[in-house]
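One chain, chain A, links the two complexes that follow: it is found with chain B in the first and with chain C in the second.
Showing the complex of A and B:
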C-alpha cells in the first residue's frame, strides 16, 4: 500500500471520533494543492499528499480549540504543533496527529522562475519521484525536484513528523545543515545595502497581513498590535518604514517561537523574502539560548521563562 | 487602427512620464507590480498579470485628506484640505483592471455624495490597456460581463501583434495619444488583432451563469453552517481584498503628530476583525465565516442588487491565485447557486 492509502486507512479508523481531519486536496489547478477539511469518507477520496502539499496546516489549530481535530503534518509542520502544545495554545487530548515522512515540498516561486511562461497558464502536471513535468501554454518543462524544492527542504533537519499518533511512509534522512546561499548573500551586505534592500522590498508590501495570518505561531489573531487604534502603535499609512516596522514586530514576537516553516514568505502575494529576517533571528536564539523551537515537547521558549543568569548572555565583565 | 512597436511604446511611456505620473507593470524581486515608472526603467507587460491590480491609480492605498496644523498651543488649528494633484496614466493595465475601476463609480459618485478625491483621480487618469492573449486557470472575466479584449474603462486598447501592438483608441484622450508620431497605420494588423481577441475568448471556454447568484447567496444568509464550511480554509488575511480591482472599502485614521496631524484614508478590508468592530466592543462579524460571507455576498449579491445586476467582480482571479490557502470565490458562489436543501 502507498503512504496515501495507509494514511486514508488510518484517518478512516479515527474519523468517527473527530470533528474533522485537516489535509490537502487539489486546488484550482493541477499545480496547486489547497487545504481540505475532511468531515466524511467521501471527502477522504479527495485527499492528496506529496510535494505540492505545501501548506502548514497547524495554522488552523488554535482557531479550532475546543473541537476534536485530526491533522496531517510534515516534519516541519509537526514542529509548529509541538510549539503550540508547549505554549499551551492547543490541547493534546483533542488532537490526533497523522505524521508524514516527507521528502520535501516545492517552492511555487522557484517553479514560476523556472518556467518559460507564467504557471497561471498550466495545462498539465506530471509528478514523478524526482521530477515535476509541467505543461503550460503548450510548452512542457521538466523540473528537477532538487531545483524547485523550498529552501527549508534543502536544509531540512526534521523530515519525519516529530509528533505523531500515526506515522506513515518510510522515514527520510535529514539533510546536511548548511547556511542557505540566499541567506549568506543577504547577510554579507553592508548596513547601507541592507537598508536599501528593505526600503525597496517593503515598498512592495501592501500590508495585507497574509504573512501574519498564515503563521502558525501568530496566535493573537484578531487582537494584533498592528490593528490597535488606541494606542496607535503602528501608523496605518502604507510606507516602507511602517511596513518594515510591522515585520520587525512580527519577528520580535516570534523570538524563540518561530519554527521556520516558511508560511509567512510563502503566503506573501508580492514575494517579500521574509525568511531572511526569521532565519537571522532564529540563529541568534540558537547561539544564545541553544534553543530550536518545536523540536521537543516540554521545551520552554527562552523568552517565556526567566533565569537570573543566562549562560549565553555575558552580563558582566565586558 | 494604429500600430506601435515595443521599442516605441517604451519611448512613448518615457515621454508621457514627464506629463503624467505613470504607473506600469515592473518586475522586481520575482514579482510584477504596478510601480511609478521613470525613464530608464523597463516595462514588464507580458510575462504575467501584475500581482496587485491597478486600483491605486484611482483609489490609492494611502491618501491624505486633511492636514491639521496648530501653530500655537492655545490657538485654533488650521485645517487644510489636501486634494490630489496631477494626472495619472496606467500603462499595461489588463481589461479586468480597467473594468474594475468602473465598478467603483456608483459608490463614490452619487447624487448625495460626491467623493472629491476619487472624482479628481477618476477624471485625471488614463488607462492604456493590454488585451489578454490567453486566460490563466484563475481567469473568469467572461463570466462577469467582461472579456479578454474588453474596452470598458480603457482609453486605448493594445493588442500584441508581432513585435508591437495594434492600438485601438477608445476615448478622446486615447485618440489624442495615438496621433503621436510613434504610431503608424496598423494596415492589416487590425484584423490579426481581431482574430486574437476571438481566439482568447474561445480559450476561456463556457462562461458561468451568475444570474441566480444574488438571490441564492441571500437565501444562505442565515445559514452559518454553510459559511463555516466555505470559509474553513480561509485564514482571514486581507490579500484577496487588497489585490482586488473592485474592493473599495476604506478606513480613516487621524495620525496625531502633536502640533500637526494628518487625516489619512487607507484601504480597509472586510476580512479583518476591526472592520465591523463597534465602539461598544460588539462585533457583528465575529468570525471569519461571517466576514467571508460578507465578502462573497457583497460582490455577488448586495452590490448587484443595488446597482442593476452587475457583479462587483471583474473576474481577474487575483483573489484566487494570490490567496495563501487557495480559497476560490468561484467555488463558493457555485456552492450557493447549487445548494440543495
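Showing the complex of A and C:
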C-alpha cells in the first residue's frame, strides 16, 4: 500500500474519537494544495500528501484548543507541534499526530520563476520522484525537483516526524548540507549593505501580516502588540522603518521558539526573504544555548529560564 | 568629549532603579565629569527591559543604546537581571543581520556604589558612539530618496536566492 493509503486507513480508525483531522486537499488547481479539515470518511477521499502539500498545519492547533484534533505533519511541522506542546499552548491528550516521512516540498515561488510565462491556471500536473511536469495554456514544462525544492528542504535535518502516534512512509535521510549559500552570502555582507538591503526590501512590505498569521508560533492573535494602540509599539505609516520594526518584533518574539518551517516567507506576497532573519537568530540561539526549538519534548525555551553562570555568554569587561 | 566643541549624539540609557541609576547618581554627587549625550530612562529592573525597547529606540533615531543593571546575583528582585542577560545577549548578537552595528548597543552591570565605574562606562560608550558617528535612518527623508527606492523596487532586486 502507498503511504497515502496507509495514512487514510490510520485516520479512518481514529476519526470516530476526533472532532476533525487536519490535512491537505487539492486547491484551485492541481499545482496548489489547500488545508483540508476532515470531519467524515467522505472527506477522506479528498486528502492529498506529497511535495505540493506545503502548509504547516500546526498553525491551526492553538486556535482549536479544547477540541480533539488529529493533524498530519511533515518533519518540519512536527517541530512546531512539539514546540507548542512544550509551551503548553496545546494539550497532548487532545491531539493525535499522524506523522509523515517527508522527502521535501516544492517552493511555488521557485516554480513561478522557472516557468517561461506566468502559468495562470494550471491544467495538469504530473509528479514523479524527481520531476514535476506542469501543463498550462497548452504548454508543458518539466521541472526538476532539486531546482524547485523549498530552501528549508535543502538543509532539512528532520525529514521524519519527530512526534507521531502513527508514522507513515519509509524514513528519509537528513540532508548533508546544513547552511544555505544565500544565507552565508548575505551574512558576509557589510553592515551598510545589509542596512541598505533591508531598507529597500522593507519598502516593499504592505504590512498585510500574512507572515504573522501563517506563523505557527505566533499565538497572540488579536492581542498582538503590533496592532495594539496602547501601548503603541508600531505606528501606522507604511515606511521601511516601521515595516522593519514589525519584523523585528516578530523575530524577537520568536527567539528560541522559531522552528524554521518557513511559513512566514512562503506567505509573504511581496517575496521578502524573512528567513534570513529567522535563520540567523536561530543560529545565535544554537550557539549560545545549544537549543534548537521543537526538537525534543520537555525543552524549556531558553529565554524562559536562566543559569547563574552562563557558559555561552561572554560578558564584556569595561 | 565636552559638549561645547562636539556635536551631541542621541544615546539612550536604560538604567535599573536599584543599582545603575543609583550608580549614576553617585557619579553625579561625586561630581565626576561625564559626557552629556546620554539620556537616561529609569526602569524598575533590567528584567523590565524588553529588547524591543532598544530596537524601538534605534528605529526612532537613537545613535546608541546603553543598558545597565545590577551585577548578576545582586538583583533587587533576585533574578531579573539573569533573564535580562539572556535577552540582551540575544539582541546584541542578532543586530548585525539587520544592518545596525551592534557596537551601538551595549549592556553592562554597575552597582549603586560604583560611581567611578559608571563614569568610565559612560565615557567609553559615548566615545565609541562618537567614533561610529550618527546612525543611519531606516526611513528615507527626501523625495529623491523615495524616487530612488521606487526605481529599485521596479527593478525587483531581492535576496540572491529568490532572484
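Side notes on the structure shown:
Rule of thumb we're sticking to: the second predicted complex is superposed on the first by the 312 of 318 C-alpha atoms of A that agree within 3 Å, B and C clash if a C-alpha of one lies under 4 Å from a C-alpha of the other, contacts with A are read in each partner's own complex, and residues count from 1 in each chain.
In the analysis below, contacts are C-beta pairs under 8 Å (C-beta built on N, C-alpha and C of every residue); 3 or more make two chains touch, one makes a residue touch a chain.
Bear in mind the structure is a predicted one, so any value in this text is a computation, not a measurement.
In the superposition on chain A, A:266 makes contact with chain B only, while chain C stays out of contact range. When the shared chain is aligned, chain B comes close enough to touch A:59, but chain C does not. Of the two partner chains placed by the overlay, only chain C lies in contact with A:195; chain B stays clear of it. Shared-chain residue A:232: touches chain B; no touch with chain C.
Contact with chain C, but none with chain B, is seen for A:288 once the two complexes are overlaid on the shared chain.
Once the two complexes are laid over each other on the shared chain, residue contacts for A:240 go to chain C alone; chain B is not touched.
Within the superposed three-chain model, A:171 lies out of touch with both chain B and chain C [touch as defined at top]. When the shared chain is aligned, chain B and chain C each come close enough to touch A:204.
Common to the chain B-facing and chain C-facing surfaces of chain A are residues 109, 113, 200-201, 204, 239, 271-273. Residue ranges on chain C touching chain A, taken from their complex, read 51-52, 55-56, 59, 72-73, 79, 82-83, 85-87, 89-91, 93-94, 96-101, 106, 108, 117, 120-121, 124, 136-140, 149, 152-153, 157-163. Across the interface of their complex, chain C is touched by residues 109, 113, 151, 180-182, 185-187, 191-204, 233, 239-242, 244-245, 248-249, 251-252, 255-256, 271-273, 276-277, 280-281, 284-285, 287-289, 302-303, 306-308, 310, 313, 316, 318 of chain A. By the touch rule above, chain B contacts chain A in their complex via residues 28-31, 33, 47-49, 51-52, 61-62, 134, 136-139, 229, 232-233, 235-239, 241-243, 251, 253, 255-256, 264, 266-267, 269, 272-274, 320-322, 324-328. Every residue of chain A that touches chain B in the complex is listed here, in rising order: 20, 27-29, 32-37, 55, 59-60, 109, 112-113, 117-118, 120-122, 137, 200-201, 204, 206-210, 212-214, 221-223, 227, 229, 232, 235-239, 263, 266-267, 269-273.
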